[in-house]
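The data blocks that follow each hold one structure.
One chain, subunit A, appears in both complexes that follow, with subunit B as partner in the first and subunit C in the second.
Presenting the complex of A and B:
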């Protein structure tokens, strides 16, 4: 039970945070205030339901403030928003410590309560003044006509009439509308009530709040005063008492306007009817709409525990493996019926797999929301003006990927804020706008999701990186590296260009960890930078982690799987062409393509003649060839992690069990290429070992 | 005459809070821990004037309870207040259709509760 509460509360708080941030950017946004109010209200309701008075009261006070903001009694200012953020953080803590057992929480709690109290008081002084301006006493006509079935809900309409009558001086005129076969358990009475009151129409309508859909209610202000004791008035309205005819408004108005020398008033009754008809119709219409919306919302999403989803994914993975076995068996035992069945199973499995995957995808927006807050806090603590823009929050990613991604992204954003974007003064001298801009965007491309962090800060100076790398011994001064390769150095362990460690960066997570985290997700990170223009970091991620479409190949009888997503083309090449090829370039389709001979790299004997197959794969923005002995075919690979002993072999991202029970290793082609082509990387490896 | 109110809620703390509030306002209170228990209490004790029931409860929820009560000719017109949360707008409608007299949105103060009761029983 409690867990449900916390889960829901966290969700509500996340919404609250988003709305608060939006409100901060646009303080006149009424919908934000409404949303904030609504979220707080729900949170309060939940807390009270779970018997958490501390949180209930706290949220209640906070809600009071926003109620005043909503009604315009209180102005929204920075102080209030800052305070709201503090409160938000506090609530996040106390939902786990609802009895304030922790002393620090307790202190915070009362401090914040005092602060909130201050705001309320401030507003109170204004609101008192406004209260006094309530409506003057006037005569109100109310027609209350309960439906015949009103007793079925246990309502006693008499109580409502008497409640209304108690609002001021009143005259109640009951009417009966008896039918021939009047049922004894049905309501046949309706009332006309004239009251002299200072209550607003809403307060009057409030009396009937529980019978709104069970009765006709007309409310109309009458254009005259002090008539209840008027004899003519009483005579007229009592004339039809207990009858089925209501007061003739025309007559009444006529009579009283003569009496009181009021200006002649047009057909009041007619007006009443028209007005209420419209409003009633509108009310019914909007009610229906609301409930429909609610229903639709209820149907579009349900809450499922992530354990169940993981279980589903596991089962689907097993199914995919089993199905591969079936396909293999079918291929060996040619039976036409079996083939049809096997093909259908394959098709269904694939669809089931895609559907199950779809379920584990969540929009990246949730994570972006968290960053909004972080960027706001950091930039204000660094005294920098930063406009933070997020794009493509609707992009969906596997939830485990999103979880793993949060820390690295946070680190990158921190770096951008701390080292990338300059202080306002520096920016102005460089001719830039004083406020920096930080963009976080995500988008799909093929089977990948890209996430970019773009800042318009000072950029990364290639020379600085190079000097640093040399002084740290990561590269030699004689190494001839391209700018891109130098920029990549920032991802190496032990490399930090921060001139000094502030409390923002330097939390023990380096860019190397970022890169490793992303690599664990079979993703890639790329950095582009231009001095004084800005830096762009691009993260490329696979949509899901556990099942991929791959090409099954063999190298010396060992099975390997290469993800289809990286493959551009397959070629057949002559072994002679490779035998004495020292610069390791082959001409394919008229272009020179570097290649890796896996037989050679894996330490098998290299064939000097005949033909071999070469698979062209994407590696960043170039194409690299990888040779294999045989291509078996397309294969849906369920990726299982490797055991502890093989963890260090990062050119293999996992293993998959084939239909016949043998194992295939899933190659991470980018790592394979890094491992066998780039000299710097090799040196870095030895450097790491030391 | 003191009115007697049957309070049904599966949460003991909420039951207690409501009970104390009602007693201090001069009502007699009988308690039930879920819809089924509530029905039992209703039939055993005489002269219950009003029922206040939660909606989400084990064994028998509030809506089914209201429906059951309305089926019984003795209680066709018995006033019933249901406790809902704001997020249960559809529930409110459902309760209404089942025959509930009024609803109170949680959280509520003692004053609000008593105000609503006064609309329904005197």
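Presenting the complex of A and C:
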């Protein structure tokens, strides 16, 4: 239970953060204020539902401020937003420590409460008088019709009615909708409430905030005063009490306007107002319909636990496999009817697969939102002006990829802010605008998603990197490296270019971890930089982790899948050429290409004659050939983990089940090549020792 | 006397066992550890694995690693017969439950036995590591070894075997 609360609270707080940031940029944005208020209200409700009074009260005070901002009683200023951020951070902490057992939390808590109190008082002193004038007592009509199932989630509608009634003088008229087959646990009562109050319509609506989806709520201001003591009014509304028919608004308005017409205050102008109101009152029903439609639209997304999604994905994967089996069987037994069925199943399976995979994808925006805040805090702590722009937040990626990506991206952004973007003064002397710009964008290209982090800072000086790498012994001074190769050195473990270590970045662990994390996701990272112009880091990632397009090949009757994304070309070579090849190079298309004989590598017998197939794959910047016995064709592989028994065989990134039920092993060619080069090194060592 | 009684009660629990054969030896495993018994499908050998890791098979859409129990116990390998089958076992390692397949020559029967009838192994040095054997069972005048499968088929064990294997290789290399 507590976990559900925390999970939901974190989500709400994330939303709150986004809205606050948006509000900071555009302080007049009414929708943001509304959103902030709504989120706070939900958070308060949740907290009180879970019996956490400390948080409830805290959020309540915060909410009060935003209510005042919303109604225009209070000015929004930087101080207030900064305070809100502090409060937000505090709530993030105390949702885990709701009883304030930690002393620091407790101190913080009271300090913030004081601060909030200060804001409220300040606002109160200005607005008390205004309030009295602007919000005179009016008569409000509220129709509250809970749905039959309202008891199911533990709501007691009577509490809501009495809360409402306490807002001023009121008249509550209950009605019953009795029907034949009423279940005993269904709600069949609805209420009409007339209140004389100075509260705004929003405040009244807030009473129902938790039942909005479970009830019809209609609120209308009546253009009459002091009607509750009016005998005619009481007669009219009580006439139908406990009955199924609500108050006839037209009749009521007529009656009351007649009455008020007789009063001296009434004039022609008022008449007009009433006229229009009558027609509006008649439209109550159509209004109700509209609100219902809106509600139905609102409930189009549901929460599903990721376990269920995983299960669904597993089932779909199995279906894909089974379908491949059916296709295989159909190809062997050609029957027209069977072929039609098989084709249909194939189509459906593909659609089902795409839909199911689509469900596990989430927009990258969720992650970008988190960075907004981080960039704001870091740049202000570093005293730098930074404009942070995110683009392509709607790009969707597998949830697990996004989770794994958060830390590396955070690290890169920190680096850019700390080492990339210069201080305002430095920027001006370089002829740049004083404020730096940091762009985080993502976009699709083919089956890949690209994420770029672009800054317009001082860039990376190739010479500095080179000198540093030499002094650290990573490269030799005689090594002749291209600029690109030198830039790639920043991903080397233990390489930190920052002259000064700050708490933001520069501990020398990081970029290598970043690279490794991204490689684990079967992606890669590229760095481009120009001195004084800026640095661009590009991360290339597969759309999903669990399905790849591959080439199905065999080596000694065992099926292997090589990801299509790494394959550049296939060749046919003679085994004789390889049999006595001294330096293991083949000439392909006029280029010398190193190769690995998989048969040899995997310990099968090596063929001395005949032809064999060679697949050229990308390995970093070079191309390496890998020989296989046979190429069967393209295959869409659903990747399954091999399990811990085969942890050591990391050159096999997983297994995929073929149509005939047998297993093909998915090769990670980069690891195969690593393994080979390591073995060669070991052999050389032995040879040297002997 | 009273103490003895409670002890009696404790060991009076009846457990089901499955017996199987490897070469001419009889073994037993608790039935609760066995999820199912499979015919041998086509096994895909993963390259560069120790010999006792026979490969992987498709278990209803999942990947099941298969261990050659004969090799694991140092017995010679034989060709599969109609009786060869795979016991799908669920084993616990470090609070994690994983599924592995164990190749055996043939399964014999399921029988019930009170736990008190399990005798300690009297061996003074077996071909199999003694920690693999929980005890001896005498069922219908046939002695069989009760295996502690969590230990026999644990990946941790496999990892250490692999590491020592590699270490030896490296030592040789240097």
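Just so we're on the same page, the second predicted complex is superposed on the first by the 358 of 690 C-alpha atoms of A that agree within 3 Å, B and C clash if a C-alpha of one lies under 4 Å from a C-alpha of the other, contacts with A are read in each partner's own complex, and residues count from 1 in each chain.
The working rule: a contact is a pair of C-beta atoms (placed from the backbone, for glycine too) under 8 Å apart; a residue touches a chain by one contact, two chains touch by 3 or more.
Everything numeric here is computed off the predicted structure, so don't read it as measured data.
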Give one of first, second, both or neither to describe whether A:46 is in contact with subunit B, with subunit C, with both, or with none.
first
Determine, under the contact definition given at the top, whether A:662 touches first (subunit B), second (subunit C), both, or neither.
second
Looking at the overlay, what does A:155 touch: subunit B (first), subunit C (second), both, or neither?
first
Using the superposition on chain A described above, determine whether A:183 touches subunit B (first), subunit C (second), both, or neither.
neither
Partner chain in contact with A:341 - subunit B first, subunit C second, else both or neither:
neither
Would you sort A:304 into first (subunit B), second (subunit C), both or neither based on which partner it touches?
neither
After overlaying the two complexes on chain A, where does the subunit B footprint on subunit A coincide with the subunit C footprint?
none
So in the complex, the part of subunit B that touches subunit A is made up of which residues?
11, 13-14, 70, 76-80, 85-87, 89-90, 93, 96, 99-103, 105-107, 116, 118-122
Per the touch rule above, subunit A residues touching subunit B in the complex are 38, 41-42, 44-49, 51, 56, 60, 151-156, 159-160, 162-163, 185, 207, 209-210, 213, 290-291, 294-295, 298
Across the complex, what residues on subunit C touch subunit A?
41-42, 44-49, 53, 56-58, 60-63, 65, 67, 98, 100, 155, 158-159, 162, 170, 173-174
Parts of subunit A lying in touch with subunit C, wherever the complex brings them together
314, 317-318, 321, 558-559, 601-603, 640-649, 651-652, 655, 657, 661-665, 682, 685-686, 689
